[in-house]
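See the structures that follow.
Heads up, the next two complexes both have chain A, just with different partners, chain B and then chain C.
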Partner chain A sequence: MDWFVINLLNGLSYGMVLFLIASGMSIVLGAMGITNLAHGAIYMVGAYVGWTVAMHWKATFGLGLLAGGLAAGLVGMAIERGLLRRLYKQPNEQVLLTFGFVYIITNLCLWIWGGWPRMPFTAEFLRGSFEILGKTYPKARVAIILVGLILAIGLWWLQDKTRMGAIVRAGMDDKETTMVLGINLDRAFTVIFFISSFIAGAAGVLGAQLLGPRTSLGLEVLLLALIVIIVGGVGSIQGALLGGILIGVIDTFGRAVFPQLAMFTMYLTMIVVLIVRPTGLLGRKV
Partner chain B sequence: MEPTKNETEKGLVTAIASYAVMALILAALPLFFSTYGQGLMTRFLIFALFAMSYNIVFGYAGLLSLGHAAFFGAGGYTVAILKFHYNIDLFWITAPLGILVATVIAALFGIIALRAYGIYFLLVTFALGQMLYSLTWNVKWFSSPGMQGITGIPLPDLAIPGFDLNTTRFYYVVLIFFLASVILLHRLVRSPYGLALVGIREDESRMEAVGYDTWLYKYTAFVISGLFAGVAGILFTYYNFFVSPNHLGIVTSFLPMVMAIMGGLGTFLGPVVGAAVFIFVENFASIFAPQRWPLILGGLFVLTILFAREGIGVYLWRLWKGVSYRFGSSKG
Partner chain C sequence: MKKLITLFLVVAVLASFAVVGSAKRARAAETLKIGTILNLTGPIAFIGPLFKNGIVMALEEVNYTVGGRKIELIPEDAAADMNVCLEKSKKLVERDKVNIILGPLMGDAHMAIAPYLAGKKVVTASFYCGDIELAKYKNWFIYPTTLVGLTVPVGYYAADLGYKTMITAGTDYAGGHGFIKGIKLAFEERGGTVVQEVWWPVGNQDFGPYLSGLKDADCIGYFVEGPSAAQLWISQYHQFGVKIPLLGTTMAADMPDQILSELGDICIGLKGQALYLVTRKDPINEKWVKAMTDRFGQTPGGLESNSYSITRTILAALQATGGDDSYGKLWPALQKVKIDTPQGPLEVSPEGVAITSNYIAEVKKKGDRYYWDPIKTYERVVDPRLKK
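This part shows the complex of A and B:
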């Protein structure tokens, strides 16, 4: 029983990190039609900057979180404003450009921070563990679950209850009509891209407990984000949340039950979802 | 405008002549190169073939696939496993089996992937490729002891007495496969079948309305494309002496996409130009700036998008046409 609970908690905390990674990419893909393959690399920028601020400069974890998010947000915004905005509705060019940035950002991180992987880190007050069903359990993971839930609710509210969210949803359905109605979609898209990159960067710091900063993150995280988006469906916070939790829990139990088939359960889930519902569990029809 | 019969024949003669010139140049090149240069040329031809195979499904049928390495790697793994587990390296057995495995996997994946459209197709093909990656990564049967992947695969046995393969001779084997594929694929895209693929890319619902079974066209394009990717994968494993899960995964799947886009999408020889640029830039960057070559390569992608949007191949072609127009040497 406690074996089950421990693994479930592990799966949920992993799933929350996956949700944070995938949510921004999913919204950008759904709302703006932009395939941003550099999303994992942007996550990595956040993780490294957060490590530098929180661990290297020994500032607080909160500052690291903010710095990681801001750095990632600015990198994302620079790519969107400088280049991606010329490539709306050109998926081939977007794929080539953003994959170029995976190479560029990864190599720059290697240049700045060196090749050695950083130890997982977390906030001072979250180190250590507490007792749960007679077992010790790390506080940081529980904190990740809580923060993830709060962010999920916040993003959900942003998507369904605010003007910003309405613009996004309108833009998804009919970009031209939305613009004719006097909405400045260009500016809205830049804001969305910034928020999406900010969340990825902050997730990089928050998730450093599970996925410590290393130069392979750019591709690893991209893979995870794509899998979550496939399972949950493109273009909604709910989809990313469901996909993230599902993949997090299934992968954690998969590793516990069939250690030699690590990752395979995740791919299998994805294939089954694709066969049953090709647009993902909560995907919009395209 | 319909070309007259005379014009078509003239075009055919020009095409044959230009391919003959290309074949002659490629056949003569090793004479001027060291073994290292020959190896590089071999690598270029293999990836040019890989990119051309991808161009069928992406450039002509308009399906943005992100799992093409699955067929490349499947061919490669088949010949590696035949050598490693069964000690078979007779080319006339390993190559057909490798092609068969790649084609069968393409036929299976195609059924699943073609349930999806647009960006979902990209996601599905990616997922399927990663599944094979994960399989070879986790199951010991796909690896030499203590390795991720199978190593120590020698050049194949051609069973021709007194003719053992070496780097130079293997280049010619690859060249023969490359030229044969160029001819076959050229005929394919110029046939009514190839034109129908372009029609589906441009407007699928109209083609359906006209009475084409568009699913079947896309499916066969996917499978044919997988077959040729398998050929490239087989040659690559022999060239590389080593096959690893990465050769099935996303890193390798990106290569033909990048080459095809860089060279000029949907043009027949664009991917070959893209492969040449990629392989040679990668090589020189890794010699002169071994730490920084990904930076240079990434920068190249970005510059291509900014300044040669239709692909470097098309850009060069325009440049050449502009030059020849200025000097009045031809009608272009």
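This part shows the complex of A and C:
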């Protein structure tokens, strides 16, 4: 029982990080039709900036979270306004451009923060562990689950209950009609891109509690995000949440029960979902 | 006619002397090119410059000259990709015409380039261990020993501490299996029992599933690949509050001072096998540390020590051949090298495997600085399979 609960918590905390990584990318892909392969690199920017504020400047973890999100949001917005908006409906060019940014951002991080991996960090009160069913368990992991759930609810509210969310959904369903109705979709898209990148940056700081900032994150995280989006489906917060949790839990139990298959469990899940439901579990048709 | 033939023979002999002489002069004048394959970009980009520093220091000490020949170092970036590594090896051999390559680091890259470089008779040095299989090619200088040989002291030390049971935990790839095998062979040789073997995939970042499934044992003998994963392993081990003592491998290389200072106080008391220790009291080591610190502005570690010792070994062999870097001369000379290095005395086995000292060290703190302190020395460590 204790083994099951501990690994379930492991899976949920990992899944929440995956959800946060993938949610922004999924929305941008669904709403704007943009495949932003620089999303992982933007996540990495958030992690590094958060580390600088919280650890190097010794401010609070909360400030690090905010700074990481803002820095990532601004980087994302700059990419969207400067270049990506000229490449709408040009998927090949988008892929090439944003993948190029993975290398540019990674090398900038290498230049600014150096190549040594930074230590996972968390808030002072979240350091250490507590007893659960006779086993010790890290407080930071439970915090990731709770914060992830709160952010998921917030993003769901933003998507389904606000005017901005309605514009996004309308833009996904029928871009031309939405524009004819007088909606400034260009501005809305910039805001969406900023929010998506902000979430990625904040996820970078939250995820840094498990995986400290390092220059390899840009590509590592990108792969995970793509798997979660494929499993959960493009364009919805609920899909990213379901995909993240499913992949996190299956991957964790896979490692615990079948360690020899540890590299394959998440890919097997993805293949099964693609066969059974090619649009993803909760995907929208774009 | 006889006179003509005699004259011809005299001229031919003189001409051959002239050719040999000019060839020798040409070789003396010809630059000796040494290639090195580093990881200067990619996920372990921080390692490449450190290996390069060690090489540069060894070459600067001899003013880039050996046996009367100027040395040119040709660095190549493999970006931790074995396919790139193979391409760069071909470039070094076919375009740059090198006969010596220092590196690469990774075991998969070793295997990818070994058949090609053996065919070209290029003397190749592994930056950090190598599978015993490489020895069959007879062109590999495996430093500091084989994968299995490196971690043998961990098993012996666990037994010396009175531990009876052990969990082994390591990264699931060829190198990881070699390192864990060394621990296990040595521990079982001294009467210990391995009660659980835990393997995680290369690039694993979440150790939670493994830490929460550990059985009871006296200690954990482990190997984690690279500083990045080592840092995550130690931090998550503490997050999960695991109480079983850790005995690690490749500590000074995978957990250099930069990583220790990132980990902070949680790393104090951590023990494990370390090949090179910057704090080891030894005049050669102390002089080298000062020279490296003055030259590069930072305290050197195991990575620089490895590449420095490898380059010194190659230079010693080249000195013995008078600067002749052809395989036929260099390989036998390499097997006879005996030198003192910052890491300790070094000699080379007939198989091309280095025989060096190996240490068990513990992390201590002095002021704000965390460092590896040697607590036990194992001299002339040899892969048990080479003894037979």
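The criterion applied here is as follows: the second predicted complex is superposed on the first by the 285 of 286 C-alpha atoms of A that agree within 3 Å, B and C clash if a C-alpha of one lies under 4 Å from a C-alpha of the other, contacts with A are read in each partner's own complex, and residues count from 1 in each chain.
The working rule: contacts are C-beta pairs under 8 Å (C-beta built on N, C-alpha and C of every residue); 3 or more make two chains touch, one makes a residue touch a chain.
It should be emphasised that the depicted structure is a prediction, and the values quoted were computed from it without experimental measurement.
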| item | value |
| --- | --- |
| Combined model on chain A where chain B meets chain C, clash or fit | clash |
| Touched partner set for A:N10, first chain B, second chain C, both or neither | second |
| Chain B versus chain C as contact partner of A:S129, first or second or both or neither | second |
| Touching partner for A:N92 - first (chain B), second (chain C), both, neither | first |
| First (chain B), second (chain C), both or neither touched by A:Q260 | both |
| Touched partner set for A:T215, first chain B, second chain C, both or neither | second |
| Steric overlap of chain C with chain B in the superposed model, located at which of 20-28, 110-118, 182-190 or 218-226 | 110-118 |
| Overlap of chain C and chain B interfaces on chain A (superposed complexes) | 110, 260, 262-263 |
| Interfacial residue positions of chain A with respect to chain C in the complex | 3, 6-7, 10, 13-14, 110, 114-120, 128-129, 135-138, 140-141, 210-212, 214-216, 220, 252-253, 255-256, 259-260, 262-263 |
| Chain C residues within the chain A interface of the complex | 43, 45-47, 172, 198-201, 203-206, 208-210, 212-213, 227-228, 231-232, 235-236, 239-242, 258-259, 262-264 |
| Chain B contact footprint on chain A (complex, rising order) | 29, 35, 83, 87, 91-93, 95-97, 99-104, 106-108, 110-111, 219, 222-223, 226-227, 229-230, 234, 260-264, 266-268, 270-271, 274-275, 278-280, 283, 286 |
| Residue numbers on chain B that touch chain A, as the complex places them | 64, 112, 115-120, 122-124, 126-128, 130-131, 134-135, 137-139, 250-251, 254, 257-258, 261-262, 265, 291-292, 294-295, 297-302, 304-306, 309 |
